[in-house]
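Every chain is named by a letter (A, B, C and D) in the order it is written, and numbering of its residues begins at 1.
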Amino acid sequence: MDNEVMETHAMHLLNEYLVLGCGCIAQAVLSRGVLGGIVTINVGFAMAVVTAIYVTGGVSGGHINPAVSLAMCVFGRMRWYKLPFYVGAQFLGAFVGSATIFGVYYDGLMSFAGGKLIITGENATAFIFATYPAPYLSLANAFADQVLSTMFLLMVVFAIFDSRNLGVPRGLEPVVVGLLIIALSSSLGLNCGCAMNPARDLSPRLFTALAGWGFEVFTVGNNFWWIPVVGPLLGGILGGFIYVLFIEIHHPNAHPDFEEEQSENNKPEKYELSVIM
Amino acid sequence: MDNEVMETHAMHLLNEYLVLGCGCIAQAVLSRGVLGGIVTINVGFAMAVVTAIYVTGGVSGGHINPAVSLAMCVFGRMRWYKLPFYVGAQFLGAFVGSATIFGVYYDGLMSFAGGKLIITGENATAFIFATYPAPYLSLANAFADQVLSTMFLLMVVFAIFDSRNLGVPRGLEPVVVGLLIIALSSSLGLNCGCAMNPARDLSPRLFTALAGWGFEVFTVGNNFWWIPVVGPLLGGILGGFIYVLFIEIHHPNAHPDFEEEQSENNKPEKYELSVIM
Amino acid sequence: MDNEVMETHAMHLLNEYLVLGCGCIAQAVLSRGVLGGIVTINVGFAMAVVTAIYVTGGVSGGHINPAVSLAMCVFGRMRWYKLPFYVGAQFLGAFVGSATIFGVYYDGLMSFAGGKLIITGENATAFIFATYPAPYLSLANAFADQVLSTMFLLMVVFAIFDSRNLGVPRGLEPVVVGLLIIALSSSLGLNCGCAMNPARDLSPRLFTALAGWGFEVFTVGNNFWWIPVVGPLLGGILGGFIYVLFIEIHHPNAHPDFEEEQSENNKPEKYELSVIM
Amino acid sequence: MDNEVMETHAMHLLNEYLVLGCGCIAQAVLSRGVLGGIVTINVGFAMAVVTAIYVTGGVSGGHINPAVSLAMCVFGRMRWYKLPFYVGAQFLGAFVGSATIFGVYYDGLMSFAGGKLIITGENATAFIFATYPAPYLSLANAFADQVLSTMFLLMVVFAIFDSRNLGVPRGLEPVVVGLLIIALSSSLGLNCGCAMNPARDLSPRLFTALAGWGFEVFTVGNNFWWIPVVGPLLGGILGGFIYVLFIEIHHPNAHPDFEEEQSENNKPEKYELSVIM
């Protein structure tokens, strides 16, 4: 029962995150660069995540990414029984969000390419919803890209919510997550769009397949679709592992009183929160 | 008497917000993109809102948007008798602000299109003041756009000022509102300019009608003018309803002491504040 | 003696502020837009101010603008006897800063227009240092522009450091000043470059006159040079007056204990600090 | 033993910082400006630094720049015996980071110029990794540029972590460092890329020499390679000297209790932290 409530919230959250995030891409694409570009996409998408975390962080911990939820379970920061509920809500929410952005930009999509919904080429619109690889990209490189970028994502997310590390001031964690997403999408977005999130990518892809772009959305790019699903799951665990191995287990016990104070007040809540992006 | 004072402040606030906000559009349009573009518009407009809230937040709670004020009344966060004073001040302030931006860019407007004040086309300047729909947009889609974007606005504003949610650090709420506006204007600005505010749109439109653009500002776009007036009012209530239904009523009572402490110190003040944007 | 120390600090501050600020314009101009543009100028300049305040705020209160210092004296936030020392240091510091930016970009300036230092036209470089009016601008409109923008600057600066208003968290005031400068330069920069500071404009202009651009830097634009000197002084006083009249004197005395606590701890220090930008 | 651990951390940190930082340049270059430009480079690089400090700040103090580490030793903020370990880790980490960015963009690099790895000209890619001087730049001007920019860097870093100055709120120091880097790279990036860091420049240069660009990466630009190595070391010490001379020794002793409280709680930790960027 309580899980169902959480599920609903997570769905709702992803909805806002995905509508505003993919909305930034839609605005840039449909205006052919006049009212948007890489800066508004990277900054706008990041700020969409920031505000989404503020909306649902207090209730459901900001769960919008299966790769993060999985890593949290693996490293004991979330109970395993919650995982299927969260992941289910994440995929469902992303699907609803895709439909919302499709609806609000319906007239724009229809007029963009003479009513056609195209997957590749100059008038493509499918990449408003899901990510696609650059023409030069091999599957191996694409997989490495998704593992690496999600690895960095998790390393920093673990750091942001590690009360024994530097410590982002309480209540500003979502903003620092946003700054991280700006860095990641500005540096690792060229190869294949920096999805770093199975739900954010697979659900919109399924939606576009059903909404008129056709099931080629799964086959183009040498069946690219599974890369931003499997890569982030692996990369997230890897990132958590690296953080724990290189940082967390080296925290000095030199400030026991500080540590204690922190662990009583902030830590549990913080880790709950950390299941973001 | 006290209301009159508040009215004056709100007017003054909207004045600054609108001058700096629409000023960003003016700078981009009148320089034909050389000294401004979508990034300076979206970021500059958001920062204009941020600073406007800092100026008047302490006295009149940052009231600059009838859609937000209405939603606050509907959900019991503001007394109904205040509403007409606030809304009146918002419309009056936006009119004065329009006149100010017209004055400070008078020479620029005159030289831009050979002294002509034009509503549509390449040399149009009317959209410096009020919003206009994209050529492809139907009225139904436009209405959905304004409802949806204001819905998101209110959802996040309610979250930002909900002391039982994640909680933006005290004194930084205006900055997070600014980040939200960057996300909204980057993602939902293409269809019809993301007004989300009846006063910010209708008063400048009336000003332009009187100042020389003519009353066609009301009839173009299939009489578009009422969309950013009615849509936001509806969307704001919808957003507040969704936030209360999906988030607020699910707040756990597990931390009663925390909650109590918050409710005594911050909450009333926060809700007073939350009537922003 | 103590004043001399302060003078030195203020000079040093303006130095950094002006080097990094005008450096942003130099980078955009000398790369002909490839490595800079309106976004890097507006954001970079603002962040230069932010960091300059952090450097000298603790010692000399971040005094870099005669218009702000004058308004502070007029409204009793700074002692009059300090004014000539501060203003002298501001002008001297801006001159040294101009020389620094000239030095570090000497090779770039020499190669840009075949060794010529030009004031107007396609290969102009004088506006890296001082501001110049748009071709369409009348002197009356220019004067109104400088009064208006500095008025907004002071209104918000007074608000940021008014502990009875909303209140920026202690230590983040410089960042909010930076956000304000982004808004102002994005919205009111088109007419005549948004100087808002007599020292930031007059000293670099004098430097360019001596360094090879010639004394036409004072005569172009219908002797424009005095506008960003006199306009800001008047606008600053006006902005302070509006803030006090519409906001400060209306602060409720309903929270006397809060107010008292603030006035003992933060207020004097804050007002000292507020003499910024 | 403890030093070896720190070394590992610093390496790891620089790795992330350099991958995301140089990744921003790679994305802009390899997409020929479509998916990146000076704004995403300057903002993305700065945010990469911000998140890198959050990751390792708690354990190893965010050491990623030999110029900063050296200045810290010179001014008594770090023990000299640590310096070789830190600097070694910084150079090693930057080399590993270069290899990582080379790997993740391998397909992109191969397709960009027909499989060729080019140092100068239209299809150059070497400047993704190390910095190169503008064609107009003399060695003397280049050296002055690196001294000046690193001088400003250190001045502000010393200010940010000086608890007797204005004071950035605890936990937000990395963000202000990021804002500083935005200002520096927007204003002093034109001459020679604003490296300000021997490890960030020399290690990637060595990597590119070995990876296929050839050892001309050291000889081009009149043997430019040593400028961003020696200049920052000198500039960093100069910046620290100026800060101490003009600011630190002038701190008033008027608030002894405040000062005492600070020195007990924050100062040592802060200075430990300050060895960043």
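By our rule, a contact is a pair of C-beta atoms (placed from the backbone, for glycine too) under 8 Å apart; a residue touches a chain by one contact, two chains touch by 3 or more.
Note that the coordinates shown come from a computational prediction; the quantities given were computed from them, not determined experimentally.
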Suppose you list every residue number at the chain B-chain C interface; are over half of them used by both chains (same) or under half (different)? different
Can you work out the rotation angle that lays chain A over chain B using Cα coordinates, in steps of 5 degrees? 90
How many angstrom lie between the CA centroids of chain B and chain C, rounded to a whole number? 28
Report the inter-chain centroid distance for chain B and chain D in whole angstrom, where each centroid is the mean of the CA atoms. 40
If I count partner chains per residue in chain C, which residues reach a count of at least 2? 39, 43, 169, 172
Once bound in the complex, which stretches of chain B touch chain A? 38-39, 42-43, 134-138, 141, 144-145, 148, 152, 155-156, 159-160, 162, 164-169, 172, 176, 179-180, 182-184, 186-191, 242-243, 246-247, 250-251
Which stretch or stretches of chain A touch chain B in the complex? 5, 8-9, 12, 16, 19-24, 26-27, 30-31, 34-37, 39-41, 43-45, 47-48, 50-51, 53-59, 62, 100, 103-108, 110-111, 169-172, 174-175, 178, 273
